[in-house]
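Scroll down for the structure; my scribbles are underneath it.
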Amino acid sequence: MTVYIFIVLAVLAIASALAMVINKNVVNSALFLVLNMVSLAGIYLLLNAQFLAIIQILVYAGAIMVLFLFVIMLLNVEQEEKLFDKFRVKYFLAFLLGVAVTGQIFYSLAGVTDMLPEISDKMAAVGTVEAVGDVLFTTYLLPFELTAILLTAAVVGALMIAQHKIKRTEEI
Amino acid sequence: MLEIDWFLAVSAVMFTIGIIGVLIRRNAIVIFMCVELMLNAVNLSLVSFASYHGNIDGQILVFFALAVAAAEAVVGLAIIIAIYRNNLSVDVSKINLLRW
Amino acid sequence: MESATALLSLIIALPLAGFLINGIIGLFVESFRTKKQLIGIIANTAVFIPFVIAVYFFMNMNAGSEAVVFKLFTWIEAGSFSVDIAYRIDQLSIMMTLVVTGVGFLIHLYSMGYMADDEGYWKFFAYLNLFIFAMLNLVLGNNLLLLFLGWEGVGVCSYLLIGFWYTDMAKSDAAKKAFIYNRVGDFAFLIAMFMVFQTVGSLNFDAILGNLEAFSEEYIVAIGLLMFVGATGKSAQIPLFVWLPDAMAGPTPVSALIHAATMVTSGIYLISRMSPMYVLSPEVMLVVAVIGALTAIVAATIAITQNDIKSVLAYSTVSQLGYMFLALGAGGFTAAMFHVVTHAFFKACLFLGSGSVIHTMHHVEHELEHEGKDVHFDPQDMRNMGGLRKYMPSTYKTFLISTIAIAGIPPLAGFFSKDEVLAMAANAGAGEFGSYMYMALWGVGIITAFLTAFYMFRLTLTTFHGEFKLGKRFKEAIGAEKYLHESPATMTIPLWTLAGAATVGGFLGVPNFIVETFTHEEAHVNLLHNWLHHVTADVELTLSHAVEWGLMATSIVIAVLGVVVAFRMYNNNQQQESDAAIAKRFGGLYDLWKDKYNLDEVYEGLIVRPIVRVSDKVLAVFDMKVVDGFVNATAGTVKLFGSLFRYVQTGVVSSYALAFVIGVIVILYLMVM
Amino acid sequence: MDYLGDIQAFLPGVITALAGLIVIVIESLKKDSSATFWVTVLSLVAALFFSIQSLGTGLDTAFSGMLVHGGAVAFGNVIIVVATLFCVFISEDYLKGINHYYGETYALILFATTGMMCLAGSNDLITLFIGLETMSICLYVMAGLIKDEKSGAEAALKYFLLGAFSTGFLLYGMALIYGATGTTNISAIGAAASTDLLFLAGAALLLVGFLFKVSAVPFHMWTPDVYQGTPTTLTAYFATASKAATFVALIMVLSRALPVMEGLNWQMVFSVIAILTMVFGNIIALVQDNLKRMLAYSSIAHAGYALVGLAAGTPEGYSAVLFYMFAYTIMNIGAFGVIAYYERNKGMDFSEVQNLAGLGFKKPVMGIALSIFLFSLAGIPPLVGFAGKYYVFAAAINAEMVTLAVIGVLASAASVYYYLRVMVYLYFREEHKPVELFNPTLLYKGTIIILAILTLYYGIEPILPASGLMELLNSYGNLGAVTNVLIP
């Protein structure tokens, strides 16, 4: 049963990723990305990572992508009409490089199965909100606090850049 | 039971699609979405490794990656807005004032 | 030892201090710049005291003294590798120090008069002191790195001083040219240094020359050739000599100090210093000798055709440097150093004399302008001169003495040194060392000796004898003779001192055989040889006395012949007719000489222009201006690549990402595969 | 858990983070108050004080193994804080001068500094990631500070898109390493290091992320564009502090997580990249007329020299790189500082080298300082740049990488050309038209003079036999041992 669920989710994830890249309409692209993220959340559940599955939907699909859509609507971005209207060397080159990278990664992934045969039993207990919360506030305190700084900086920075204010100080 | 290879393979393919997207798309927002796709692909790898190793470090890394992605989204979209204000376009092939 | 170290550091530190004082105060305090007396005294003292100290050191040494190394501090220390700021006083370096500080002082003194009206007086003296500092590092340094620093330092100073009047475009181009041609040589030197370090693990002279067996044969050849390439750059030999004549754009004292007496001889010093290594490889020695002889004759033939007084002297310098390399290649390191010393005397004197003449001619031009006559002429062109001996007796006499000296008429300095050089060449041809090739080189040397005597007297006679020709060439200038005057004492005193040295300097190296023939005992009257033979690895002179007498007689005859021919052709205002006669006689050959063998054009046509043309074509596509400003072969090529590569930077993010992904693939490949 | 001890271990970072928050508060209460500047300076001075205090201490962990402190990390912190402090000094005046003075900039600088210190001291891939991202996000914003001009926004966009792109690779590398070893702790990774393909691929992608940040060829393309579009004094910050932090982190990762062993061939990677970086950086710099672009390519080339030291893979090489970063920081901030000064003058675009003609004598202090910095960048003794290059190349030679060192020396010899070119314009060319240069503020001038003095002083100090600095750096030398830091 899990195998079938996985196949469906995996196909969905890859298909939506592809659709996102080749779609001319930016809004559609964004929606495909949402679909991709939701299917990933499903895969996370298969891997016993419940906490992350929820976060994935809440933060990524829910918050980040809404922000994307909001900006797309705000800027009223034009469609990329010229995409794929004719063959370009660039596309071929990009495809070739992509194949090369995938090939190398696949090559180096060989043999992982023997190393990690199956999902660990411990996982059912480890992936819960409780377990994650526990380590976040003890072992991972420093990165956690630093993330707070990071987010503050991001918000302050975004305000600085996006705000439309031009100041006049005295001329030198 | 599913072997880890399958998860990693899905992740690698998604990562590559992200790369190709960055290379061929010209809309800055879409390029950024492709980057988000790459990050998601990596997250999948991390989660699957964590599950098969049976320790939580990988999941924590994903958690932080999510936070970083959120922060990047905020800043990135702000920058894209600034670009749009200046150029009235988000087509990166037209944004090449600084070069050579 | 303590006090000696202190004294030695004074030798090095004083010129630096002079540079700093004049440079820094001059830069910040504008009122200081006009206190020329003070500036001059500071600069002169900064060179004179080191000279006195050097004399003191010299007095306390004898031919057998071991080299003394003064280590001031460790400069670099990293694992097994350390470089000290250490100076080495031995017979060779003290001799060079005496020349540098002695001749340097005289030229400083001369500059006080020569540059008196120049706005950049303070800058000029600051640079001169800096030059002396760098040159002392070059000759006194105890390791190759320190030598190289000095080497680079003198290059920079030379660059600064050639372009001293940088408002003049041609002069700043000449400075660049000198700089670039020198860099070519420096690269070679740098590589040689690396190879030495790789083999011995040290750059100290003792360590290198004491470990010669550590070098493989190929390394000896390679290092020898690379160092020689370095020397051809600095000492203006074929194929890198074209910068030196252009370098005459600088003020005349600079030409005398840097481009005649000191800097250009540093290549000879380097090879003498490394002589124990050079003698191990006859092939390299032959290369050195051939290049030297070729340079000597090529430059001498060009010198015949020149009309610019400094230009003649410049080619003459190149030619004499060629002699020195011929001597080096023949194993006569002492002979080469001997010629360095005597050449420093008479060539410095000649340059200063020409400076004195140019000074006066400038004055004439200035006064004519004052009269309201619009006359513009080249104050360096000897066709405008003539008859100057009446007006400038001191300059004339000293110039004449030096001319006789360089022409090789006994018993003046040039005769002895040139004779020794030629004797060494013949020795290499006939003796145990070397090959018959050297006999041919000796022949080239003899022809050059004739040419030298000829063109030097052509110069002297045209300039000082006959009558003043300016009035003939420019109507407005009739009667301009009254403005000709002798230069002030600060300029004539150095002239006389140098002329004196040029007269007696030859007795430093009287050949042993002259005495031996009469006493039938082994004689040691060649003071310089006695002095240096511990340091340099001279080849034994094995010629018989009869042959040596013969050689000497030949060179005297040749020199006298040159003088006589020059007198017949140039004594009485016949310069133009005689030049025309020579041109007719030699036809195309003369044109070739006059065009300086077209070397500038060859370089331009072979390297520079094709690069420009190709890059023009390539870059026209991109609508960009090409290689701007500095047009030269090396920088041109590199800049071409730069110009091409910069277009990779398209400004579009996608292409940046493309390069990024290619990088990822490469790194993954390197790591994983 | 010993929170107090942990905080003490990361005290400079904590101080700067808190100061950043205070700056935001002040800024929201009163716009453009001078208090922001002084809070920033005071906090940085305090951070510098505590960093210097921990200079001599040994390497130790804190925050349950998330962080290391002391040792080379302490030295890294000193470089970062010094760079930040000098950049703040020159930014105050400059940003006001170009009408882009925002109090929040200081908050961003302080947050970025915190991130850098976290990055330099990371003992866990997670800390490393967060530190790197904190730094990067602040830098993206700063790159876009001149947001109302096309160039500013463009610089930010390019930096951001490529930065995020490289983050993807960095994270993938971390994922693969985690997959291969089952841990994210750097010391533990070192202990579990193997020549599994998975581990190798992970290491490769991790290095890609780092190489992007230090702008090594071919990941350098963003550098010139970003440096050109960013306000010049902040460019100085980008070029020095962030690079120093990344290099220190790189040293810590290489020396502890990637032991030199058969089949783990990262030294070769660094050799290849170093050669590419030195050659391309210098060659393209030769043809640049814009000073900021020229310095950008020069900074690419300098990253190449530092990579030579890493390629050596020896303790000596690591100490050399630490010193190099220090040297590079001082002279580069100085160079950017003087150029920022010239650029602000009215009348012409003084970031074009041709327009500097004849300005050298006008404000002698600035002219001489720029000459010193450029000579130092060119590696001419006895300035700090020479000492830096010397130690790096010496390390390579001692590690039997002579070719690499020779290429480095040749490349650096070629670089003399474009540094000297600036000097030729400054001193040997006539002015195009008479311009009046304004008088820099005392703070600005003082900063430049201090930097020039440091350039001279540290050119001589490290080569003296009893050099305190080199002794200190050499004592860090053995940070390479994996066992040095206990695995928690």
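Letters A, B, C and D mark the chains as written, and numbering starts fresh at 1 in each.
By definition in this document, a contact is a pair of C-beta atoms (placed from the backbone, for glycine too) under 8 Å apart; a residue touches a chain by one contact, two chains touch by 3 or more.
Everything numeric in this text was worked out from a predicted model, so none of it was measured.
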{"item": "Chain pair, A-C or B-D, that carries the greater number of C-beta contacts", "value": "B-D"}
{"item": "Distance between the centres, which are taken as Cα means, of chain C and chain A, whole angstrom", "value": "70"}
{"item": "Distance between the centres, which are taken as Cα means, of chain D and chain A, whole angstrom", "value": "30"}
{"item": "Centre-of-Cα separation between chain C and chain B, whole angstrom", "value": "65"}
{"item": "For chain C, residues contacting two or more additional chains", "value": "646, 649, 651, 653-654, 657-658, 661-662, 664, 668, 672"}
{"item": "Residue numbers of chain B (touch at least two other chains)", "value": "8, 15, 18-19, 22-26, 28, 31-32, 49-50, 53, 55, 60, 64, 68, 71-72, 75, 78-80, 82, 85, 92, 95-99"}
{"item": "For chain D, residues that touch 2 or more chains besides their own", "value": "126, 129-130, 133, 137, 140-141, 144, 147-148, 156-158, 161, 165, 176, 179, 197, 200-201, 224-225"}
{"item": "Chain contact graph, described as a line, ring, star, complete graph or other shape", "value": "complete"}
{"item": "In the complex, chain A residues that touch chain C", "value": "90, 93-94, 97, 100-101, 104-105, 107-108"}
{"item": "Chain B to chain A touching residues, read off their complex", "value": "1-10, 12-21, 23-27, 29-30, 32-34, 36-37, 40, 43-44, 47-56, 59-60, 62-64, 66-75, 77-82, 84-85, 89-91"}
{"item": "Residues of chain C that touch chain A when the two form their complex", "value": "654, 658, 661-662, 664-665, 668-669, 672"}
{"item": "For the chain C and chain D complex, residues of the former touching the latter", "value": "27-28, 73-81, 149, 163, 166-167, 172, 183, 187, 190-191, 194, 198, 635, 638-639, 641-643, 645-646, 648-649, 651, 653, 655-657, 659-660, 662-664, 666-668, 670-672"}
{"item": "Chain D-touching residues of chain A, taken from the complex the two chains share", "value": "104-105, 107-112, 115-116, 138-143, 146-147, 149-150, 152-154, 156-161, 166-169, 172"}
